[in-house]
């Protein structure tokens, strides 16, 4: 009755490679990606030109970095609504310190990183200690950071925007590393794209091939059961909040270096776009399921739909309408493919 | 005695789930915990394994008083548990569940290949032939799920193995395998706590029998002090079972 | 509470308390200068100035109601949506609180019982920008709207359309995400080569649009509303043609001045006619002078 | 025959959970479904009760072919089920769970007082003395939860009562009560489908025995065709159990 | 061994009435309410004056109506992100039809209701048919409605705001019913407050004392288990989406009648405030738990904090900071009280 390991089981129907691939969370999203790309590329030659690709990949990269971090957090069963504003906070710290207090860019970035990690730690500690839903806790930090961004910037500089980073020491180096461009086939692409690919690769490795990855799935799937087998649930969640904060710092620094100025209300509303990208990419809102690659694909789908409409020149008043329809169709395609993959017989 | 409790108790809000229970688990012995539904058996073992903190009495491990703040602390002292209701993460694959919290490493990485292989082997050894260790646990049958949990606890069980109704969802053959595991663990010098409703499972393997009723202890018996019939009678709250068998057979 | 309060609860001993209630959310670059102007005037005259704002006309009228409940000595209101504020302003007037309207809403100001109006509506400023752009040879203009459905921004674009006399296309962007602004403006410029002018309605958007013009290799002329240090630098460098400066500092300073005078001396300024504050333009010629002022948040 | 299946089958993705199973449920008879873990028992009864749709073979109710799209359709034909893993809503109170889907009404309103009373009475009748019917089901012990599900199915059972391992989490006394319920339901003319791993529970009450193994049927036996020993032997896959008992007793 | 029903059980410790009350989801929130009220009332006499109370009860009322509907939906395990924009849609329909197409106010409101219910139905159908998460589906409708609000308003009227409802036929009657005031002790209170109390009462009755109420808890707690015992899960969810749409219509009409003009971007961002109020009031984001009264209390807490900060005259730049801190503290108080209630001995 016990079959030798490795012998084919008569109770398992032959599953084609294609179907096995389609079952992965991210490969459903890839179908949405292809559909959206095909739609726009067919109608707009600029959209599919290298220059066009560089154009829509650029915002997809910064969104993707955040979406990947948020996806990890969501797989771990938590939300972070403060991540968007935190990109602003880190940017403001960088520019203010480098332009008003004479720090060089690297030191200013380091201070920003420390503050970001402290905020991530605080989020994590409050969530794990009080057991309040992270939706509420990070909503609190979201609002508080918004106030701090505005209040502190006003108090220190008298305006709601700080600028002039270009003149700071170390600016050129930092810019080349984080906000420069690389030429590929004659078209300049933003280096942010490389950072994004790196973040996605690392996150995927952590999720699939490391112990913490196993813990992330577990605390999101059933925290109590995970604790019962000895998973350090609180530490895992705190680490996830700090990862998100790290990503926010990275994105905040990239944007501050690129535009050399930061407005105090930057990043507000972005937190939901991160979540949207993660969900399009197959993350469950209830936790325990999802993938980093999926979130990246979700970011690209969002970026393509968002820019593609502009490339097609559709009426700006109806922009949001098309965007909504596009997202719905992309997720639907994704879902249909997955269901097909799961249900196909033999 | 590896584990000892003296007059231990636990309250949930206004519910007194456990009152004044004393018991012991010795190396190389099987302690069976028996009792009606809602008697407090699971509550007791959740205290032993660190899921709940007791709020009355003393709890000793190796003679020193402890109060576990988390299951990790219990695991670190070699107490491995199969829970009745906190078993598995449904969306995770079998092998990920199997090694959850004790992942084998190769360098910094989770040694996935080894984890897969061991999970499959340990399950095969239990007579469970899982088609595919990548299947999410949520799609397994009730008994298959239970088997994964038991195989895990047996694999990692260090000094004390606690099993909360491990055999209830199992087929006759699989239950036999589990009973054999219990005996083997005992022979290797582990202390085993075994909860069951089936006197036919409890009597053959048990060395001591702790009887719970409505949250309190009815006493702890050595195997020498009690016969199978007495045990069955005690568990069934009198002669009910015999009468029932009779009644059902009549028709 | 340790709020670094420029206007804190206990009314200052002397002049009284004036509430400024606008239709902009906190942190808006334009309105922040208005706020600075009002607060500076408050300090000057020894009166307490509180500033609140909300883009939702309903919320704005609730803020007015609150100010009435607190029995302030004067009210400064921007009226992007006069119809919605009619009753709230009416209640303030009925409670004998002097009201000065600012920015938009000049047409309804007198009818609602305000003592005067300061500033001019956004479409006048927009018209000015349109005329300047036409003079620079722009025929097809991209108006970058960073908040869909915002009346003020819509009026600016409409004004520009009238002033330009050519085609004006609108583009919706998300001001909270500058990378998005850059790539959307670039996308538009790449896919529609006819566009030879871009009008940003916010300095941060202008900086992002500047990159977009560069990235897409377009020859489009760029202009913007409002100032920031980076915008002034870009004007000096010739990357931005000009910035519309409504001198909105005055829209904060003057009403407080007028209300103080009204309270002390029953003066009314303008005799019911609006007092205009602009628009002015910052170009290469005068950029140097205003640079410092923009950094300080008064221009 | 109230219910009949002919060569029924079900596939989940690439997993063949059930293949070519034929069985019948007659009024006034108890059909026991027996088999190892993962044999497909739960899958079979989920088809009967409308949770899954079969994808091979025919399924007849009252001689007419059906394919249930939802459990509601099965319920409307008088098929009440206790599921192994789809039992209760943990956050809802006992009485709300008890009447879920079949709430008693008074005018437009849910007759809360009556629901509370009946829930408590029915549970008491099963020998489960719930402290408080307002307690969320999630805080009940495993067996208490199972008892609520059984009491509900019995209370609403109309023509066919399907029970998936109802006795596995139950104490000896409570299991006896359930067996008695099964007999009583049968005597009232209901058709009963009863899944269990315990031959001591199956043999006394069963009229027919359907044996499943790895998704396929090993045959359906009438009570006359099989002895308790044969049944036990078949369930245990040979003489394993006897050997085990022997082996354990030796030590 | 079986105790007679009704006899006191020796396994149940005596639970004081206070503790039994505190265990209810909404009474935890009430503690937050009292704390926030005490805080502001102590510092601002205006805040506690009848006029001040009328002042902060007014926004709490419209928020409360929506929060109650969203709470029902969340208990049923779903989100609706389109509800905020839908208040704008119904308002725009009302004002446009009544001012540009000569319909009287009542007919225009009826059209708005029909459209709103159709949108709710569409949301519900898509969610139950495709099994996509409602977060994504209603995000799609949210964006699409935003586009429609702007596009249609621009197309029909040429501007982004329509006004002039005051001159429409039937305006005075409709206003008196939905947007008027009632004098209590010489202070005018908005009738919206009465509507809000009515909605809360009805929702509470439905939840606690009706069959659909039982189903709502069940589909949110465990949809599959609920379906398995015969609960019409899809119909329940669709009804919940339509209830939310109904509430959006009610609030949209109230606001349109009160301000007589509607801006095309109205309601954006409100959807989260509804969810916030529901969560402050004790609803679980994962569904299956919560109360209508709690959501109403959450709305009042939010309204008090929102307006209280203005009454205290704190700097507007820091407004969001105080709001965030206030919300966090209120939820924390709520949680501490509940945990105390659950853990207290004997």
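Per-chain residue numbering starts at 1, and chain names A, B, C, D and E are given in the order in which the chains are listed.
The working rule: a residue touches a chain if its C-beta (ideal position, glycine included) is under 8 Å from a C-beta of that chain, and two chains touch if they have at least 3 such contacts.
Note that the structure is predicted; figures quoted are calculated from it, not measured.
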| item | value |
| --- | --- |
| Furthest chain, CA centroid comparison against chain E | B |
| Pair joined by the larger number of C-beta contacts - A-C, C-E | A-C |
| Between chain B and chain C, centroid-to-centroid distance (C-alpha), Å | 71 |
| Inter-chain centre distance, chain A versus chain B - centres from mean C-alpha coordinates, in Å | 42 |
| Inter-chain centre distance, chain A versus chain E - centres from mean C-alpha coordinates, in Å | 30 |
| Touching two or more other chains - residues of chain E | 1, 11-12, 146, 150, 284, 315, 317-320, 322 |
| Where chain B touches two or more other chains, by residue | 15, 131, 237 |
| Sites on chain C at which at least two other chains make contact | 4, 26-27, 148 |
| Contact footprint of chain A on chain C as seen in their complex | 4, 25-29, 32, 36, 145, 148, 169-172, 174-180, 182-184, 186-188, 190-192, 203-204, 207-208, 211, 215-216, 228-230, 233, 295-297 |
| In the complex, chain A residues that touch chain B | 1-3, 5, 9, 11-12, 208-211, 213-215, 217-218, 221-222, 224-232, 284, 288-289 |
| Residues of chain E defined as touching chain C within the complex | 43-44, 46, 49, 51-52, 55, 58-59, 146, 149-150, 159-161, 163-164, 166, 255, 258-261, 263-266, 268, 307, 310-320, 322 |
| Chain E-facing residues of chain A, complex | 126, 130-133, 135-137, 139-148, 150-151, 154, 269, 272, 275-276, 279-280, 284-286, 315, 317-325, 327-328, 331-332, 335 |
| Interface residues, chain C side, partner chain E - complex | 1, 3-9, 26-27, 35, 50-53, 55-59, 61-63, 65-66, 69-70, 81, 83-84, 86-87, 147-151, 154 |
